[in-house]
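Several structures are given next for inspection.
Each of the next two complexes has chain A plus one more chain, namely chain B in the first and chain C in the second.
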Partner chain A sequence: MDFMVFQYPMITVQACLDGILLGILFALIAYGMALQWGVMNIINIAQGDLVILGGYIAYFMYLYGIHPAWGVIVSPIIMYFVGIGIYKLVINKVVDRDLFISILATFGISILFMQLMNFAFGADVVLANSGYGTTFLFDNNVVLPNSKIFSAFVSIVFAICLVIYMKKSKLGRAIRATAQNARAAKILGVDTEKVYAATFGINAALCGVAGALISITFTIHPYMGLPYTIRSFMIVIVAGLGNLPGVALSGMGLGVFEEFADYILGTEFRIGSVFLLLVLILVYRRFKLSKKREYLK
Partner chain B sequence: MKIKNIIITFFSAIALLLSTSVVSFAKVVGDKIVLGAAVSLTGKYSSNGVHTQNGYNMAVDRINSMGGIKVGGKTYKFEIIYYDDESNPKRAAQLAERLISQDGVEFMLGPYSSGLTKAMAPVTEKYGVPMVEANGASRSLFTKGYKYLFAVLAPANLYLDVAIRTAVELNGGKGVKIAQAFEQDAFSQDVRLGILDAAKDTGSEIIIDDKLPKELNDMAATLVKVKQMKPDVLVVSGHTKGALTAIRQISEMKVDVPMLAMTHCDAAKLSKQHGKNSQYALCASQWHKTLTYKDKWFKDGMTYDADFTKMFGYAPPYQAAESSAALLVFKDAFERANSFDQKKVRDALAATDMQTFYGNIKFAPGGQNVSKPMVLFQVMCDSSGKCENKVVAPLKWASAKLIHPIPKWSER
Partner chain C sequence: MINKNLIIYLSILIFGLIAPFIFPAFKVQLSILCVLIILAMTWNIQGGEMGYNSFGNILFYGLGMYLCASVQVGMFFPLAEWTESGGEKTFVHTPAQFFQGFGVGLAVAAVVPAIVAGLIGYSILGLRGHYFAICTLGLGVAAGEISGGIEIIGAGQGFTTPPFPNFGGLEARGEFFYFCSFISLVLTFIVVKSIYSTRFKLVLNAIRDNEDKAEAMGIQTMKYKIIGWMISAFFCGLAGGIMGGLVGYIDSTDVAFDGREMGVFMVLMAILGGKGTLWGPVIGASVFHIFKEGFWTFFLGWQYVALGVLIVVIVIYFPEGIMGWLREKYPERFGEVVDEADRKAQVELK
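Moving on to the complex of A and B:
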């Protein structure tokens, strides 16, 4: 245990800012997961792998001399169609089955994607250099890479666009109607099949954006998807479905929590602490739920 | 009843005879010595697995075309049976079992990585099959008392030892302040133990001692501490991920540290992926093409580099060079043993004392190579932004002078 993070106020500030910037990016991935969970009742284990695939698209643009920031535009477009493809091939067959089947199916997709990416792109760790500089705050005591600021900013822009799209557009309204009551929506003329496909596509596109941002800020590797799946699952569990401000807040909360866990417990417990928190929250929810039931009796 | 028994005995005798003859044919078929190898052609080690395989193939080609191996007055050629271990230790152990008991292989080459070598070694040991490996450096491989395991490379604890000693030397023999961050895997933890030993020897102090997770892609917290505590040396080991992440975040956060020492820089293609940001990083390496070791088959490092590039279309990382060296060791041992008896070959391997283009090879009783030091190279860039790895330590092999301390980011 090391409480250095509290001894120097500048490190506290640094940890908080790092965590918030990171958390915003996590929230974007989690929002996609919440959307598809809410609409289709599918927990997508392959979420993280879609993120990594999105990252590879940006990386390949970078390899061919295009600035990887353009990946933020290109990657979601490609990923949207990848998402539709996965839906048509697999997801539409499990969409109205129980949750367990869909978890198994997406778990299978996850393994398949990992191996395919490994096969196609190789097992090397890669990254795309944005060449963005660094921002110094508080007399050079707090350092923020501009790539992190850029990715938080892009995530916010995409989240806002998505909210507006869901509120205003016809498809957005159809998606929300299906989420509320799929059967009623169907009776009222919503083509739920199309809605499902679009939802899966939108989720994949969000993963594409996040992946492009991750290739700019961190590193990508075919087997690095799972931590992103776990984080977004965790954020959705805390925030609940269909609660966008909740997703954003719990995303940032998780980011800050991770940073502090990193300083206090050590980097090796960073991901472990997320798992621990997940278990605690699930136990707590269960506990609350059982209390309610007793009360009802 | 009696007749049945006789028939059963008869057929089992034939089966036994056939099986033994298959085994003895498998190791040396006609004029071929068949070696077995499980390497990672898929899975997370596949890039280095392919380097390993290419290194083996290159040496087989070269030895065969230069006259092969002479045993008992007859000339033999090498042949390798490969299997893909999928980067999975369990699979590697199964394949070792299969190579030995089904394919009848009596001599083995190692897989890629310490973890997989650790999985295979108990199997080869059990059957008394000599294994020369070139890609498992973990210290724990050499403390288990294995008799049939030989590694042509220097053990992991020596990887960055020379960096600490150089830093102390440059500090006028006084101890230095060390910050270190190591991934939690067998190899990196061994490198860490080496640093602890070196620190103790030189009276240096370790002020930051972080462990990095397997899913590592963010080490900002460690670097913030480094900024605050200003160590003299920062040591990072976490395979290619560690090297890439460290350089990315050090350059983005403008962390100034007089010496930065790492492992896996060439596997991570640091100078290619990060360009000038990777400048001045010190990297531990088993081999570098500019070293002046020589042998009959590959001449020297530069020739090996050129020949390998011609054959496979890319410059050989040290993983390929050490794999090629493993075959040279086998050839030498077969000729000295003048026999295919596993025990005799094992004893000949244990008595190996030779120079190859890759370095001197002489095995300690534990099986590790003790006569080849690690080299340190430094990434150096010219004004056009082209970066190259130049050997700076040990001094005997140095092709450039170490730049120390690393210039501050504000002055670059």
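Moving on to the complex of A and C:
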């Protein structure tokens, strides 16, 4: 136990800023998860592995001498097609089935991806060095890498673009219609199959952006996918489906929580505390709803 | 006429008793198979019969593993020094100490997870469907991450279980653990089979089919759900304790709380065999174990790729499992009365 946090207020500021910048990234991943959950009623356990795969694309650009920030453009394009491929091969067979089937199937995809990435890229922890330098605030007491600020900015830009796209474009309208009522949308001439594929592709592309940013700001490792899935799931259930400001806020809240858990409990309990928080949130919601004789649906 | 079932059971029992002497090279594999069958059968109690698909039974398995080894060491020697020395031979169990410690350890390893399941059951079994699945997944991973940070049980460097005592050059380690796991398997099978012939199983099925209606019929569903999970946890802990002794080394995320391997295996085996049947998990575990060992030996390194593909294929194309397929093919064997004309009419309708 380390109570530095309470003795030095600047560490609190540092943790809060770090957490908020990190949380914006989480919110971007969670947005993708909320999208496919709302439209296709699928919980994608492989979400985190898509993020890590996107990160490796940016890392490879860095290895070949291209600045990793371009990964933010390239990675989503590649990931979009990866997402479409996964949809055509697996997801379209589980869309209408029991949710447990889709959870288990995507769990299988997650294990598959984890291991393939382990083969292809090795089991080392890597990061793509962007060379952006750092910003010092408050008499050098608070240190913020510029890459974190950059990644938060890019995530916000992508999120805003996507919201506008969903509101204005034809495909966006079709996606929203399918989310509301798939059967009615089909009757009115929406090709739901295409909408599902596009949704999954957009989700994978968002994961690609987030992954590229994570490879610049933090580290990536083939087995680090599952915590990202759990984080985005947690953010979605706290915020609720289709509540964008809620997703952003709970993402930042989660980021701040994690930073404080890191300082107070120690880094070895960081991932554990995230998973435990998920259990606590679910149990809290369950008791709150059971007073009204309801349950989480 | 002699009962046909009795012959089948007796022949399996006799085969089980003499198997380690016929196939001495496969003693360890057979013990692991017994443990896998126990895990699949107990997962099936709440996954298949009750409809609560848990990814978190690995929690009880790992808990049992750590508890059994800790009790076995801690009864005679200081636990902290044992794990600190990394299982160096500073302390040696005498045979009497070893067996006494292992027996008490197994009892603790079975009872404590059941109590834990009872304690957390009220909170967690209130969740339904995929929320329950993801919550238990989180629970299993959290347990692994947290136990990897606790010093007294070895933290990141692992925990070596006491080595099997050696009496006068007689090497009986394989036999001992085989009979431990086989006896536990027989015990589990008897308990599960007797459960399946009572009203309790019908209540579990009612919960699976429609929990709200079951509640409306006056069944205290929460009580039955907790009892079902506790039974499951009891045998999971027992299996974990045996497996800990068998493997000889406990690591938090790779052996004990190995959600990526054992945690998925138990779900997969039950689904492969057929959820919600007595024999399904047994058949599923046996088929899966043979397949897995083949793959693990011949395609070393690609095993998780194969596992991922296998999960996807089984889930998409084979969700009813082997028993479900057999049932569709030979409905008469399962005691279903088939009206030929009716069946033909259905086929024509399709």
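The rule is short, and it goes like this: the second predicted complex is superposed on the first by the 292 of 297 C-alpha atoms of A that agree within 3 Å, B and C clash if a C-alpha of one lies under 4 Å from a C-alpha of the other, contacts with A are read in each partner's own complex, and residues count from 1 in each chain.
Here is the rule we use: a contact is a pair of C-beta atoms (placed from the backbone, for glycine too) under 8 Å apart; a residue touches a chain by one contact, two chains touch by 3 or more.
A quick note: this is a predicted structure, and the numbers were derived from the prediction, not measured.
> With both complexes superposed on chain A, which partner does A:V279 reach: first (chain B), second (chain C), both or neither?
In the superposed model, A:V279 contacts chain C only, not chain B.
> I'd like to know which partner A:L188 touches here: chain B for first, chain C for second, both or neither.
neither
> Between chain B and chain C, whom does A:I164 touch in the aligned arrangement: first, second, both, or neither?
neither
> What is the contact status of A:A123 with respect to chain B (first) and chain C (second): first, second, both, or neither?
In the superposition, A:A123 contacts chain B only.
> So, does A:Q115 touch the first partner chain B, the second partner chain C, both, or neither?
In the superposed model, A:Q115 contacts both chain B and chain C.
> Could you tell me if A:G266 is touching chain B, chain C, both of them or neither one (first, second, both, neither)?
In the superposition, A:G266 contacts both chain B and chain C.
> Once the complexes are superposed, what residues of chain A are shared between the chain B interface and the chain C interface?
In chain A, residues 115, 118-119, 226, 266, 268-269, 271-272 are touched by chain B and also by chain C.
> Where on chain A does chain B make contact in their complex?
Residues of chain A touching chain B: 4, 8, 11, 14-15, 18, 22, 115, 118-119, 122-127, 129, 134, 136, 143, 145, 147, 218-219, 221-224, 226-227, 259, 262-263, 266-272.
> Where on chain B is chain A touching in the complex?
Counting only chain B, the residues touching chain A are 42-48, 87, 181, 184, 210-213, 215-222, 224-225, 227-228, 239-241, 244-245, 248-249, 252-254, 268-269, 273-275, 277.
> Report the residues of chain C in contact with chain A in the complex, numbered from low to high.
Against chain A, chain C makes touches at 53, 55, 123-124, 126-131, 133-135, 137-139, 141-142, 144-146, 148-149, 156, 260, 264, 267, 271, 301-302, 304-305, 307-312, 315-316, 319.
> For chain A, which residues count as touching chain C in their complex?
Residues of chain A touching chain C: 43, 90, 93-94, 97, 99-101, 103-105, 107-116, 118-119, 226, 230, 233, 237, 266, 268-269, 271-273, 275-276, 278-279, 282-283, 286-287, 290, 295-297.
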